[in-house]
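Chain naming follows the written order as A, B, C and D, and within any one chain the residues start at number 1.
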Amino acid sequence: MSKFLLRPGVQWLLVLLLLASRSAGPLYAQVPSPRDAAFLATLGQLRDASFPDKDNIVEQIARSGHPNVEAVLTAFLQDRLYFRNQDQKIFLLKPGEDEDASTYDLIDPITLQSAGSASSDGFTKIITNNHLRRVLQETLARFRLSSTDAAVRMKAVRDMERNLSDANAQLLQERSGVETNPEVKKEIGIALALAALNSPDAQARLSAVSTLRHSLRQNVLNRLDDLVQKSPDGSFAESDAGVRQAAADAVISIGRWRTFYSGIQTLFFGLSLGSVLVLIAIGLAITFGVMGVINMAHGELMMLGAYTTYVVQVAMPGHPETSILVAIPAAFLVAALAGILIERTVIRFLYGRPLETLLATFGVSLILQQLVRSIFTALNRSVATPDWMSGTLQLNDALSITYNRLYIVIFTLLVFGALLVVLKRTRLGLEIRAVSQNRSMAKAMGIRSEWVDALTFGLGSGIAGVAGVALSQLTNVNPNLGQSYIIDSFMVVVFGGVGNLWGAMVGGMSMGVVNELLEPYSGAVLAKIFVLVALILFIQSRPRGLFPPTGRASDNQ
Amino acid sequence: MKFRWTRMAGWVLAGGMAVSCLAFARPAKAQGTIKVGILHSLSGTMAISETTLKDTDLMLIDEQNKKGGLLGKKLVPVVVDPASNWPLFAEKAQELLEKDKVAVVFGCWTSVSRKSVLPVFEKDDGLLFYPVQYEGEESSRNVIYTGAAPNQQAIPAVDYLMNEVGVKRWVLEGTDYVYPRTTNKILEAYLRSKGVKPEDISVNYTPFGYSDWQARVAAIKKFGSAGKKTAVISTINGDANVPFYKELGNQKISAEDIPVMAFSVGEEELSGLDARPLVGHLAAWNYFESINTPENKAFIAKWHQYIKNNKRTVNDPMEASYIGFNLWVKAVQKAGTTDVDKVIAALPGIETPNLTGGMAKVLPDHHITKPVYVGEIRADGQFDVVWKTKGLVPGEAWSRYLPSDKYIVADWVKLKCGNYNTLTKKCSGQNYK
Amino acid sequence: MSIRPGKILYIENLTVSFDGFKALNELTLYVDPGELRCIIGPNGAGKTTMMDVITGKTRPDSGTVWFGDNLNLLALSEPEIAQAGIGRKFQKPTVFEQLTVFENLELALAGSKTFWNTLLARITPAQKKRIYEVLDIIGLAQQPQALGGTLAHGQKQWLEIGMLLMQEPQLLLVDEPVAGMTPQEIERTAALLQSLAGKHSVVVVEHDMDFVRSIAKRVTVLHEGRVIAEGDMDQVQKDPRVIEVYLGG
Amino acid sequence: MGKNMLWISAWKDKGSRWFLGALALLFIAAPILNQLVPASSAFHLSTYGLTLIGKYLCYALLALTIDLIWGYCGILSLGHAAFFALGGYAMGMYLMREIGPRGVYGNPILPDFMVFLNWKSLPWFWHGFNHFWFAVIMIMLVPAALAFVFGWLAFRSRVTGVYLSIITQALTYALMLAFFRNDMGFGGNNGFTDFKDILGFDLHSDRVHVALLMITAIVLAVSYLMCRAIVESRAGRVLRAIRDAESRTRFLGYRVESYKLWVFVFSAILAGIAGALYVPQIGIINPSEFSPINSIEAVVWVAVGGRGTLYGAAAGAVLVNYAKTYFTTAIPEAWYYALGALFVLVTLFLPSGIIGLVRSRTNKQKGLRMQSDKGERPIE
């Protein structure tokens, strides 16, 4: 029976029949065929079954061979299976229906056609749990194995790999015959090989091992490792010495590759942490480095950037993909304007008195924190991660890089590049450097230093805002966001050498990498402590940072 | 000239400060009122969690006053901001008790804040209702613990994973402070007693506000790929959770493969992030917003109306605050006075309905009875309850799984002691004569 | 060591370069005890750099600097050099603006300068007397309690010279002493410096040619970090290279 | 310099008279108002009041130490709270040992948190803290040692200005992270609390609190006089010389680094003592005392009070902390605004702090406007 059902061709035939019968849908529904009745009855059992029971019921449904099995189970997997409280009748929800909506659009489980809509509180969801969802995925995989979408097939094979029962193996076997997509075929090959490891025939096992040795997957590694292990009673799990040998070699080579790739991964972790540090520091490198303003409100400017991201996202609902891109310039503007405001109202009275700027900006930071707390409450704000930023880039089975980190590294480089261009290539940049090197001379040359100061501070603040956009993708968006990063950003700037963008770049990156390299051995805290102590000692040997500021202006006395 | 001007401004500023001090004078102590202290951080790192409880308390007080107050008197809330600063907690507690002479205090979140105010409450004989799940190992005469003790959260959660999910390998991931340390200590002892091998337990601690989870999550992934069913028990504190879950989502650790069971992640934390990648991960609480009871529906409605925002979530500590407040009200009514000693005497045995259809009863050890639920995260940041304990679990101050406190009991009715050693028959670690 | 004993300052083959640019280039220069030596030269000739090296502010790439016959200055720190008896007056007058004139001089007093000694130090009548002498010399006797920062430019110059005197150094390095002074002040400065010579050795760097002529016995001309001429004023002014540097330059 | 001398010199100056007078008044009034005046009376000083004043005085002492190095020597330390906290921890360790078997787990040797983390024996660095005298030595020695090592490294290699400020910040930040670790043996995040008594006197009794307050007042007065002695000695003038023109001072033959080092160590010791007095009165010490923000706040007190006057710093500490105490209750929802605005306005309109405002009326010729530039030079 199940064989018959599962033969894809036949199954499709059924679906076609169903589609044909759509025209006469309602009629058809009024006279439920005995099979439909049985189907409904089985479904009904789900209402008040315990989770273990639900597993069995799902299996029954799968075997029932009813044409709607896939549709119904998919709905179940996606939390769209409900029953009406008054008459206990089972319904499906339209795909993409919001669970919290006040009214539900219903679908009849037999006709698979709209059954009108009703107020949601009359309905109860039939809930799943992790195990049940897994069972459902495996069950559905059997259907999806013959999907037209290669991606779906791939997922199906992976799901079935979790449980390589003979039935599944059988199915995969058949599929591999007709499978056209090479990727999927390869995947099926691995799955079958894994299955073949249990086969009584040593030759089959040997060939399985040789197919598997080129995979880098952890589960493959574990499976092969089992073959090599002695079981407590001294006998080997794998009887045949030849297979054992082959397996041992495979384990070694796979292991070697995996360690190699994990090294690369750690390095990347370091760079991504580093680029965050760079991002939070370069804004400061300008306000603090170029202008000598100890800007304690720098963190709060980042916070403003993060909140701007949130606001933009709320302002354009349903477009998380694009809103983040809109947020970048928006955050820059908001933070920059805030910065200019601070500069005009407070800091400009304090030039040449950097420590006063520390105190004043500390006050400003308190005010800004409270401001957002009053507007947005102290609660975290949820900034959705756009799909193109979530998930991982699977370079191979041993090495995967998360997209958001990747994008942040790239983003940092872009921002850094843009900043360099501004400072080196534009009139503004020229004037900024002029003023920072010799204010009076610059004034004499007719540069409106007041105006340059404001813009410089605005620029630095804007960068901080942009950093905030990135942070909103990594951590909490709440009033304390700034506080948790300000110290680090000062460390980076000083380490790199005040007022030197490249210093901030190299400094941040190296701090990040060192931190990540140490962490596996020393643990997070000690790694950080080590970095701090190293920084202290480093400053002893180079009292002006990695790239000391040059020229008379920088001279202390 | 300018100098004169700034000096002028200076005097103006000084004057302004003086005036402001007068302007913000405290409300005079009116007759026929009962002062209720609210000691939750409104600024600093803990404001994220505690502000909500302040609002909850205010709502409850407001509601009680609408019902005609208590003993015919109006309740007057006294709100202070200890600013997530532990010494300040002690100072503010002292202010509430000695300066404002409040009848009761609802407050604290972190263990350290509670530890910091404890001596004050015991010295000034105050009454504190503490609404957050905590590590136990404590029972004070002057504190009622309406949050979960370890045996009301951690142990049942592990039972669920072990028996229902069949977990064989355990990662105990926590923030490095006393609550995770104790909980994990108890859990380790418990797991070992259930025959879990040491190499199948991995314990790790990260600092507060830890945000760079890449390496840790990768390590968990590795640990979980050893073939045995693995689960993570997370006692990660508040703001480190968002980056942790974001990283889980990014590294595609699905709940079907390695479920994460969290003890400090509730509806409110989830409202702070995009829950879609987290569907299926677990949390153990004594309350979930999604639980469908009339009391709960009514409470949620009231909350939304009070806070004027239908999106605001409800979470376990809020229920604990609700229970605590009602317990106090009942006790005061029973004692016929707000006198702390009489109220404390009246409290054990008092019962009030919780929001999930059960009864919360104050036990002699000043903990209460609670149901335990395990929920799975939904895409909308709510939880589906997938398991619950049969009946109510009585809170235990001292864990029976730790050799150090096997023989210690707390009983404020008969023994009048929070730390009584049944072997030596001695009462130790108490702060007042 | 040097082939000519009996000098107070030996500078030999001194080379200092700031990223590529050679401020001093194989400079060799000797100063006799009690001599008043003027050093002239166009901007960037390396005059100030030379002083920086002598006083330990700048470390040379190569070369030797000896103070007397047995004190290697390159091995010493600024304070040690100062203690050894070399006083310096800066081009831009630097006095302690938040301290009174009296206190400025007090700090310059010769004697032990360790923390613990100064902590317990009480000013002796003798020291007071000395300070008032110097106050007279530098013409600030009327305002010992004025803050350094409130003095006029010229007065600051004088105060700094006064501080030099307090140190009782064997060798005074004086960088542009008369910049921004009135003619009268210049005269007095000249007189002062000449009176100092003999008891002390004095090295004066100056642009003001008249001033140099008025005081100089020996003049050394620096150009691009090396000595191009040395001798009395008239010889030097006749020297074709000097003329080329100053006029044809 | 003889004490009597010192009295005279201190007495010459109006600010000192006010400051010491206030302390004396407090010294006399506090015990009377708390012990003799009945609790019912409006003039009664509650334990709360005692603790509060005690706290302010400890902070005042901390501010004093910062003013000594910042206002007079131009060393801006953004990590001075570290020394305060270290002193506090040393005292805390003594108080923990003092609890003895009265702890939750009744262990006579190990403090509760160690029992609880399954520590079998006392870590080496905890030995000796059962003696008060040992604790007292450590209270001064530990901050002094740290300050010496750090200062020796930093000043010898002429780290100045912001670089110095930021690495002091790194120092305290590293210490905070370290003390947060439970494995360190300092109680982790919870730190030390639940103290019972000091030298056998019950810490929960008002009498002891009064005594502690009086001791704090004396210590503050003595420390103040010592700082005065230093700044009014010739060494003090050297310090100011260093602050205003460091290299010039070198050319006069002064070993700048050793001057900086000694005054830095001295101020660290005083800070440690302040912390030690703070802990028994407040009843808790934990790693958040190390947090950089605390150090920054302390600097802000000094600036608000007015740099380079010593008593100004103390006044600033009291004022700002009173404002904090007051606002957190009066306007719990918005006190950040008030405090933030206070800082901004003071920096803008009172460059030399509240004291500067007061003094500018009395003695104008003293060129106070320039005082505001103190400490800034090293950064330019």
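We take it that contacts are C-beta pairs under 8 Å (C-beta built on N, C-alpha and C of every residue); 3 or more make two chains touch, one makes a residue touch a chain.
Keep in mind that what you see is a predicted model, and the values were worked out from it rather than measured.
Peer 1: B-D or C-D: which has the larger count of contacting C-beta pairs?
Peer 2: B-D
Peer 1: Starting from the Cα centroid of chain A, hunt down the chain whose centroid lies farthest away.
Peer 2: Greatest centre separation from chain A goes to chain C.
Peer 1: Indicate the whole-number Å distance between the mean C-alpha point of chain B and the mean C-alpha point of chain C.
Peer 2: 73
Peer 1: Just curious, how far off is chain D from chain B if you go by their C-alpha centres, in Å?
Peer 2: Those two chain centres are 34 Å apart.
Peer 1: Centre to centre, by mean C-alpha position, how many angstrom separate chain A and chain C?
Peer 2: 68
Peer 1: Could you please state the distance in Å, as a whole number, between where the Cα atoms of chain C are centred and where those of chain D are centred?
Peer 2: 44
Peer 1: I need the residues of chain B touching at least two other chains; which ones are they?
Peer 2: 42-43, 176, 205, 207
Peer 1: Which chain A residues reach two or more other chains?
Peer 2: Touching at least two other chains: 369-370, 373, 483, 525, 528, 557.
Peer 1: Of all the residues in chain D, which ones touch at least 2 other chains?
Peer 2: In chain D, the residues touching two or more other chains are 177, 180-181, 245, 247-248, 333, 336, 342, 346, 348, 351.
Peer 1: Taking the touch rule as given, give the residues of chain B at its contact with chain A in the complex, in rising order.
Peer 2: Result: residues 42-45, 47-48, 51-52, 164-165, 176, 204-207, 209-212, 214-216, 218-219, 222, 225-227, 239, 242-243, 246-247, 249-252, 255-256, 259, 268-269, 271-274, 277, 280, 376, 378-380, 382, 384-386 of chain B touch chain A.
Peer 1: Sort out for me which residues of chain A touch chain D in the complex.
Peer 2: For chain A paired with chain D, touching residues are 288, 292, 294, 296, 346, 349-350, 352-356, 358-360, 362-367, 369-370, 373-374, 483, 487, 490-491, 494, 498, 525-526, 528-529, 532-533, 535-537, 539-541, 543-545, 556-557.
Peer 1: Which part of chain D faces chain B closely enough to touch in the complex?
Peer 2: Against chain B, the touching part of chain D is residues 46-48, 51-52, 55, 101-106, 112-113, 115-118, 177, 180-182, 188-191, 193-196, 204, 282-284, 286, 288, 323, 325-333, 335-336, 338, 342, 345-346, 348-351, 354, 357, 360, 369.
Peer 1: Could you list, by residue number, the parts of chain C that touch chain D in their complex?
Peer 2: Per the touch definition, chain C meets chain D at residues 55, 57, 77-80, 82-83, 87-88, 90, 94-99, 103, 106-108, 113-115, 118-121, 123, 147, 149-150, 163, 167.
Peer 1: Taking the complex as given, what residues does chain B use to touch chain D?
Peer 2: So the residues of chain B touching chain D come out as 3, 6-7, 9-11, 13-14, 17, 20-21, 24-26, 42-43, 79-83, 85-88, 90-92, 94-95, 98-99, 111-112, 115-116, 118-120, 123-124, 137-138, 176-178, 181-182, 185, 205, 207-208, 404-405, 419, 421, 426, 428-429, 431-432.
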